[in-house]
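Pasting the structures here.
Look for chain A in each of the two complexes below; its partner is chain B in the first and chain C in the second.
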Partner chain A sequence: MKSRLFLFVLLIALLLAVPVSAQDNPPPDAPTDDEINAVAKNMYCPVCENVPLDVCPTLACEQWRAQIRELLAEGATEQEVYDYFVLHYGDRVLAEPPRTGLNWLIYIVPPVVILAGIVALYFALRNWRKPVAAAPQSQAEKSGEPEDEYMARLEEELAKRN
Partner chain B sequence: MLASLGYGALVITFLVSLYGVGAAIYGVTQNKASWVDSSRNAMLLTFPLLTISALSITLLLIQMDFQVEYVASVTSRSMPMYLRITALWGGQEGSLVFWAWLMAAFASAVTLRDWKRDREFLPWVVVVSLSTLAFFLILIIFFENPFVRLWQSSSGEIISAVWQPAGTLPFIPADGRGLNPLLRHPGMIIHPPLLYLGFVSFVVPFAFAIAALITGRTDDRWIRVTRRWTLWAWLFLSLGLVLGGRWAYDVLGWGGYWGWDPVEIAAFMPWLTGTAFLHSVMIQEKRGMFKHWNMFLIILTYDLVIFGTFLTRSGVLSSVHSFAQSAIGPLFFVFIVLTLTISLWLLVRRWAELRGEEQINSFFSREAFFLFNNLIFMAILVICFWGVVFPLVSEASGLIGQAIPALSNVFTGQKITVGPIFYERATGPLWAGLLVLMGIAPLSAWGASTAKTLGRKLWLPTIISFIPAVVIFFLGVSGAALLAFWLVSFVTAITLYEFWQGVGARVRTKGENVFAAFWALVGRDRRRYGGYTIHLGIVLMAVGIIGIEIFQTETQGTVPIGGEIALGDYLVRYDSLADFNTPDGRNVARASISVFRDGEYLTELNPRRDYYFESQQTMTIPGVRSSIEDDFYVLLVDWQPISTQSATFKIYHNPLVNWLWFGSVILIVGTFVAAWPEKDRAAIRENKHLRVQAPASAD
Partner chain C sequence: MAETELELQTDAVETEVENERRGMSLWAKLLAWGLVLGLLAVVAVQLVATQQGNVGPGEPAPNFTLTTFAGEEIGAAEMQGKIIVLNFWASWCKPCEQEAADLQTAWEMYEPSGEVLFLGADYVDTQIEASKYLEKFSITYPNGPDLGTRISQAFRIRGVPETYFIDKEGNLAYVKIGPFTTLAEITDIIDGLLDS
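Now for the complex of A and B:
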């Protein structure tokens, strides 16, 4: 009698357990909000300018996040989510421009300009250093700047007035 | 009536500005001093005139005269008084008037200075200032007129016009559309005015620079005259940026203060060149070098100011197409190209006269470090500029693709987004470089300085700076964060060491007590010690930035009432939610949550969502618990409107962020110290004595 009751309970328990495990196990766990936000952080919707998708409060962005949740639940990787949105809405959904075609310019131009600046500066410095001996003299002649200390001091004093 | 008065004042100011420009040029070319004086009076007059205009708008806003289109577009009956006043800069037309009004205030203030020794500058300062003002007045009068009123024709059509068209009656809407809810924040009262003040006050040093270029008085006089103007301009701009960050933190609800948004960067770019300028003018004053460069920097700063206004006012950021449609966009563009070309042409014309009087003798000298500092600021500028401009370029490049179908695959015209990752990655190492320079440069000497002399001064504070770094290391911090914190303690150690040495020297030689010695030390060289104080402020701000950039954590979760969400040591319990309407036209959903840390109850927070019926906009107001250690920042993301039984919260933990705000206060103090007018004659004499000696010892 006792063992029969035990078997009955076991059967019921098994029956109950089956749908639960069926819900939980086969596809990956339902994605958490944090997982969705981690993906959405690197995305922008085309309407809400400059507000990252993970924090944008508009209804449209909420739907986008729901879409991300769905994709992740279906087992999509982060990259696949990005690809999906780029396919439908274009490159501008990505926070970081993809390294393709014309977009390379965003990565290349600043270092090139900065390097050009450094090179220009280097040559300018070299030119400044060469005529050390000659320059001060010619400078004084040209502009007729006061040379002696008294005049310099007077200039200073006048400059201080205002 | 008021609208006509305000509009009339605008038009008269415009005419007065044109007259001032003409009179100044005529006076200086014909050598007629009275004409120059007359142009000066014209410039003085612009401020009272524009005050009438700005006051008219303000009164119309206060009275809620909805027949005026601008008033109807930015105010509504439900708005409190202070918001109706600040609505002056809440919309396009009003903010342009406000810009012009501040510009006029500065222009008028400049006329009041003592010109005895700089009379040759006067006409050209008038020309530059009034041309800039006239440009903005053109935009206002012809394209973005805040005094346009609404009229109804007999057929019921609504017409906007300044004067009553024939056969129409005034049309007065029952209520206005109201101010954008994002702008209904106390931060909005001071943030835009400070930013605009920073913008317009950079026009003054620019005007003097151009005057120097035109007159050929290319010594450092223009820099000495404008030194304080530049410092105030820099302070206003810095505060405008900081308050903008604070506003974003409190109102925009994304857990941060700076999102590398193009609008932010638009205001940030003149700050970069302005800061570089503040440093490099010192080289010209002390060593007579970099004269071209200083001219170039101030020209760049001026045009970046105009460019920043252009970016935010023309609509070009949202789309290149809206730029093409707006009338003021192309005008801005023309003005920028024109001023830049003329200024650079003037600079090239004086190139030979601006030759440096000295050379850089050592890469360890102060001037060399300033040069590196300028180089880094320029590099950051290049990155920011390109990041802002490239999306526009990529969108506009579609035109090429359209014209040449073969290239349409390359020039797709697809707009791209340049987000924070790009800027952070590109500028991060540069900021670190600036911190290094900020540490080393104060210890270097002008002129000749060798690695040896520098090293002798550097070793002690450097060793001291490792102490906090080691402590932090044992607390478990490593990698980039450790490096960043070490840099912070490095700069702090050296700056404090400089103060310490100065005070120590006075105590020893003059027998003063420490406080008197400190007071006298700072008082005798305000510029230097004010600058150091600013550096300390910047370093504290850096602590806050490092805290939030590297250590920010976040989580999001949906919980029923009584449910809990954990983040680090913190725990949040959702207690209740109230959903109600307010008399000023909002629906408010306000959650009550309890915050626990390590199991101990800390406080109750009320994150909320405001929905504005008029504008159909939502605002997410965080619930924040602030301490010197961190901010605990909770957002109400979502809730079940009917049952209010469960809600979604987003939680941020922002370590050290308050140091950012605290540091900006120190920055203000430092700027005041540096810019305060010197009155003490004895101190000046002492200073002068030192200055005369300095070049002798340097050579």
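Now for the complex of A and C:
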């Protein structure tokens, strides 16, 4: 009798527990926090500049992450989520600005400046070395006589004058 | 003699080569300076734009079209000849809640005259939360998202709430940064514009 009562109580407990656990667990196809953050880390909320959306603690950003969750749950791809946010909040929400108009400067200027710097450095180094390599020849070298002989003669002449 | 001629010829060739080299470096320098100055000009323009601050009273109000949450488009034709009260707000903005009820009351006061149009531009917000906010404060004047933050950028707002009063001629008459604390604060500005 006791065991039957125990089984009955256990059955009731299991029946009660099933809906609760079903409510606690998200549907199997629901996006995980990691999936949401993977998208969010490439975005910035205009309200909290310089803080990526995945770590931004403000209410505005929390709402944005909820929006990402909703879009992903509806089956949107990562690119479609970005497109949605750009449409609603402008392209400044993207960590990597789209390659259009003046934005191109961001992608072109740094490599061009680095390249120009390397070229300038190369020519500067070449010019610094040039004077040493192309030093004017001494009179002794030009005349083909060894320098020490020339100096010896000079000193000899000076000695005579003294 | 022959040696001297050879030396002179060598010197002339060296001078020519040197001049050519200098000529090339001059062009390179001009190009480099041109690039640097161009880049500085772009940075300066961007800097001036960001440092400009809000659109000030007396300036012509920027043209804009607000598409409401209901899908209605409110543009220049609907605004012509009316005093416009353009309020920037967001559901996540706590100070906005301070003035929400007063703005709605003011709208109810002026709506029958047809001379004043209140508009709400929802800044960087999600539609679900925005709808909850409008419902919470029973706001009935036209409200819509600031799509692409185009309106807020045109007015160069710094945050929310901010409210812009545009006179009947389309000029900006008054700018309120931060929330209104009383209903009288709103009505005083509108009454002043109606009397002028």
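As a working rule, the second predicted complex is superposed on the first by the 104 of 162 C-alpha atoms of A that agree within 3 Å, B and C clash if a C-alpha of one lies under 4 Å from a C-alpha of the other, contacts with A are read in each partner's own complex, and residues count from 1 in each chain.
Following the convention adopted for this analysis, contacts are C-beta pairs under 8 Å (C-beta built on N, C-alpha and C of every residue); 3 or more make two chains touch, one makes a residue touch a chain.
Remember, it's a predicted structure, so these values are computed and weren't measured experimentally.
Applying the stated contact rule after C-alpha superposition, one finds that A:76 touches neither chain B nor chain C.
When both complexes are overlaid on chain A, the residue A:47 reaches chain C alone and has no touch with chain B. In the overlay built on the shared chain, the residue A:102 is in contact with chain B and with chain C. When the shared chain is aligned, chain C comes close enough to touch A:63, but chain B does not. In the superposition on chain A, A:94 makes contact with chain B only, not with chain C.
Shared-chain residue A:33: touches chain B; no touch with chain C. If you count the residues of chain A touched by chain B and by chain C, you find the higher number for B. Shared interface residues of chain A, touching chain B in one complex and chain C in the other, are 58, 90, 92, 102, 105, 109.
The residues of chain A lying in touch with chain C in their complex are 45-47, 58-60, 63-64, 66-67, 86-90, 92, 102, 105, 109, 112, 116, 120, 123.
Remark: chain C residues 25, 32, 35, 39, 42, 90-92, 124-126, 128-129, 145, 147-150, 153, 159 touch chain A in the complex.
The part of chain A that touches chain B in the complex is made up of residues 32-34, 37, 42, 44, 49-52, 55, 57-58, 62, 90-97, 101-103, 105-106, 109-110, 113-114, 117-118, 121, 125, 128-129, 132, 135-136, 139, 142-143, 145, 149, 152-153, 156-162.
Interface residues of chain B, counted against chain A in their complex, comprise 113-114, 117-118, 219-221, 224-225, 252-255, 259, 261-263, 317-318, 353, 355-360, 371, 375, 378-379, 382-383, 386-387, 390-391, 393-394, 397, 409-412, 414-422, 426, 554-558, 609, 618-620, 635, 637-638, 648, 650, 684, 688, 691-692, 696.
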